[in-house]
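Same chain, two partners: chain A is paired with chain B first, then with chain C.
What follows is the complex of A and B.
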């Protein structure tokens, strides 16, 4: 027997990781240099969650998928033009100047409030999806706090797979040390899932899906009210990027095993 | 939406293809489309319930306007520009440059003639004599850092009152405003493969009835794989083509409809530039504009534009009439920024981004039919770039505005988008505008460069100072015939095959070996501003190549590639996406392609059908930088 699910994916937008990112300290604390002018993408970890959610919805007739996303409205709209081509969902936008340095508790409070406000959402069918990690320099706790605020105690992190069972329970594979998975069985919704990469490829852009989504996305964006995140008293002492090393060398006709050996040696020396 | 069955060609599988109706389908999002959609959008916003703007395909709803852009983001445009902004300011009378990231009002303009401090460039004797004179009288003439600042800049080059901008940022700024209203949808990462033609019921010939999006879920050769999605057909009563100088839709229409008599796209240039964060102690002010000529080769013009926050766009244009197969633009660019006049300001800077783009420099010589039944052309691909003024963005924007005004006029008068109606509105507006006036003045301004550098300069000055009345006449050969027009002595002395052997042994491309043989020193990398070309691909911008699309660069006839000694396509490839493959056919790596389009006009071999041996199809991805 299949179960109609209500899946809410929490996915922020982040500066496109392909851009040059440089932390700076402004009047309101740390930020990224020129962040407003950098193109944004859906947080890659949470994007995996969206694709997994869409897959589950497709397999379980009667299910629905919402995407709760926080960011400046104009940026959200730009990102949605790409994301909306990938999966069918309803957007719940939170128009906020949030960035990766925002307090995770304040962010979680705004997201939880937005989820509570979704009309027709049934908690007994509710699965909260999100990224296990984030490309936005987040503290990695937002999703758990969202779950706690909604009173959901069954939480799984590093999820790679969910297998729905006929009785409404589901089996979850969570990543653990050593490249292995921990297998858990949960009695049923509600639950929170912080996805790792999952197993699905990024769906192809489909203009028809995009057009269908836009019928609800654009009105939702137009109605989105500006939200100011509460000041949780969070202070950053410093912010730095991981150091990069680029050592380019042109070599010809090198055997693969020699390249592998050199890489092993290089990694070992680091 | 409906489903169509493609008729199978011999042996080809039948493809199920979706079809959708729209009112206006737009191809490409750049300055021209920005002008078109901004103007159309504003007219609708004045009165959204105006029945004039009611959709014909979705009654009760506003016009269904869909725009498809190949790049993964509308901010992924590649061009740092200085523009007079005449048309842009007309659209935004209260424009404040500070509202657009990286934009600044032009504060000063200089034209510099650069001497060759290395003495490796190919200079004609007249220039060498002039150089000697300049060096001898340098102290009196103000020659400094091997550069002579012209005491006077001709008016036709002036951009006073204009703007220094990043096109990526400008596109993003414009696109956000357009989409905010909800009338227009701009879909990134969605390349358009071809126009849809249908027989014209009223007369002989075809009309354009929409566009076909590119197939996804295919292998490199285009064969369907798992997850295959046939590109959707978007049928519209008007198709607006603004896909740039070498867009697949524009070229398909040129091929089907032909070009006006005597018109052809024969002149091109590759613009390549760095975005550099200037040293903290820089004295260059935002809005500073330098135009240069004379170095690294006399035919290579250069520029330096200073943006706010210590950013500068510095680059060169390598024209098709360089007349030499050694066109290593990246290496030339590195030598350019090392010129003492520029290095004085750039030393200690950091490379933030890099980009390259082909420019259609044919001007009105390359103007296609501006409109036909069901379609209209705007922007660079419509021949709007003014090569005398070195200006294209403002002209492109204005052609978009003119088309939008015409579309609104036709909608108000309940007239359809036929060739006659579009000619009577759009073409009429364009012919009566400053874009046309200036384009006519510029039409023959650069002809002289086909006779040599000095005649080229004289011709430009003549045309510029007489408003196009006087110019130097010259036959302009096809782009592939311009590649080996001239050979310097050093090339003759360098046996091509020996150079090839040296190149292969060193693991370097042939063109690099040729430059070294001419005396160009190797660039010493500093890892900060002077980096290898492959590192530049990874700094600032980055190349994006979504999986599931076919290779967009295709060699029609491998035999012709094998015969080709020059392989200028490899030399000119901005991203080193083309390399020497096995058996003499270039190998293409889509993951490195920045979609500059240079290979298209740097292919020296022509097929029996009169086409260059390189086919440049529609494809996703490309360069991905917000700062370009």
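What follows is the complex of A and C.
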């Protein structure tokens, strides 16, 4: 028997990984240099959650997928032009100048409020998805607090796989130490899943899905109300780039045998 | 404000001692308590917290324990209830905990339940101007020092920040703390290790081998040699016991219908979209790219690279040595030499 699920994916947006980041101190604390100019992408681990969620929805007829995403409205619109082609979803935007320096607790409060405001969402069918950590704050805090705020006490982090069972329960694989997975069986929804990479590749963009999604994405973005995040008592003493320059010795024109001998010695050296 | 510190720990798989990372955080607690002139307490979550407490003998601080069969399994609902009970018993202003998969699953939820805040992945603490901690943002690309005015403040520590506490042994008096556990909707049924032949990121390995997308690209003869590349890489891993990392592009290639290394999965991804493993040495092969990929070896001590491009972003300024050479030829010779040594 298949079970209709209500899957809400929480996914922030982050600067495109190919961009060089530089911290600067502004009037409101630290920020990224030229932050408004940096192209953005959907947070990578949360994007995995979106693809896995879309896959589950496809396998369970009657299911529905929402994407709750926080960021400046213009950035969200830019990111959605691409993301909307990957999976069918309904966007729940939160217009906020959120970045890696924002407090995770305040972020979670805004996200939880947005989820509670979704019309027709049934908690008995609810699965909250997201990345186990973001590529900005990298704290692994937001999803857990969202779950707590929604009263969901079955939570899984570092998830790579979910298998739905006929009785509505599901088996979950969570990453633990040593490259292993902890295997759990949960009785069913509601539950929170902080995804690692999962097992699915990034879907190819489908312009038809994109056009269908954008019919609801654009009005949702227009309606999104600006949200200011509290700092939660968090103060940044400093934000700096790590010293990373090494004096690289470039070895050219050596025979593979010579390089191999040097490497073997290096590998064996204590 | 006078601070009081609670170190939250958990037992290892034997149940008779605390995990190594827990013992490191016990050291952190002892050090921080001395620096802040703060009261220190230790909290233990285990099937039998008295049995697990032996490893903190001589700590010189009260030890509190929650014990239940349910704690044999790492599960959100029961773990968070146990840790919350420990917090309620001690009422500290600062809570230190290990950044283990078990604690990482509940630390933020716990902070919310007790009306506090949490900061994770702590890599250093300083107390000169009040309590300040270091953590990285943007996947190890920006290092920050932060402080918070709100209490209680939960801090989870990365491995290696402190040496493990070395107890003096002997009996430890554990004050039992009652805990009311919620109904268990989740049952842990085991741990699944990768197949023996499969290679993943293994924290215990001394070396990280990073396979880049170049292994599956067309070589000098105009052909791809993915099968040969796979054999060379697996041969190297078997001979060295190295941990295997890869870039997202190489892992994703299967979905794009390109030649693949079949043993690579998303578990191998390092860098911006994967893990940032810690090993003494790292060897990058056929890698290309810039900062987002290079964060994959931010915490690798001694780094070497084999690349046909001497200006590759993986290598220049990031590696200690870059060999400008064909990785197929070099690795074949390396495997040959390693094989003959055995």
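In the analysis below, the second predicted complex is superposed on the first by the 238 of 270 C-alpha atoms of A that agree within 3 Å, B and C clash if a C-alpha of one lies under 4 Å from a C-alpha of the other, contacts with A are read in each partner's own complex, and residues count from 1 in each chain.
As a convention for this text, a contact is a pair of C-beta atoms (placed from the backbone, for glycine too) under 8 Å apart; a residue touches a chain by one contact, two chains touch by 3 or more.
The structure presented is a predicted model; accordingly, all values stated were derived computationally and were not measured.
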| item | value |
| --- | --- |
| Residue contacts on chain A - larger count, chain B or chain C | C |
| Chain B versus chain C as contact partner of A:20, first or second or both or neither | both |
| Which superposed partner A:242 touches (first chain B, second chain C, both, neither) | second |
| Which superposed partner A:124 touches (first chain B, second chain C, both, neither) | neither |
| Chain B versus chain C as contact partner of A:141, first or second or both or neither | second |
| Touched partner set for A:218, first chain B, second chain C, both or neither | first |
| Contacts of A:183 with chain B and chain C, given as first, second, both or neither | second |
| Which superposed partner A:201 touches (first chain B, second chain C, both, neither) | both |
| Intersection of the chain A residues that touch chain B with those that touch chain C | 18, 20, 201, 246, 248, 250-252 |
| Footprint of chain B on chain A - complex, ascending | 16, 18-20, 34, 36-39, 74, 77-78, 81-82, 85, 201, 203-208, 210-211, 214, 218-219, 222, 246, 248, 250-252 |
| In the complex, chain B residues that touch chain A | 1, 18, 20, 68, 72-76, 101-102, 169, 172, 175-176, 179-180, 182, 185-190, 213, 216-217, 227, 229, 232, 234, 309, 352-353, 507-508, 527, 531-532, 534-535, 538-542, 544, 548, 624-627 |
| Touching residues (chain side chain A, partner chain C) in the complex | 14-15, 17-18, 20-21, 23, 30, 44-45, 48, 100-101, 103-105, 108, 135-145, 147-149, 153-158, 160, 171, 173-188, 196-202, 232-242, 244-254, 256-257, 259-261, 263-264, 266-268 |
| Complex interface listing, chain C residues touching chain A | 74-77, 80, 100-102, 104-109, 111-113, 117-121, 129, 132, 135-150, 182, 185-194, 200-204, 207, 240, 248, 252, 254-256, 265-267, 269, 272-274, 281, 283, 290-292, 298, 302-304, 306, 310, 315-326, 329-334, 336-338, 341 |
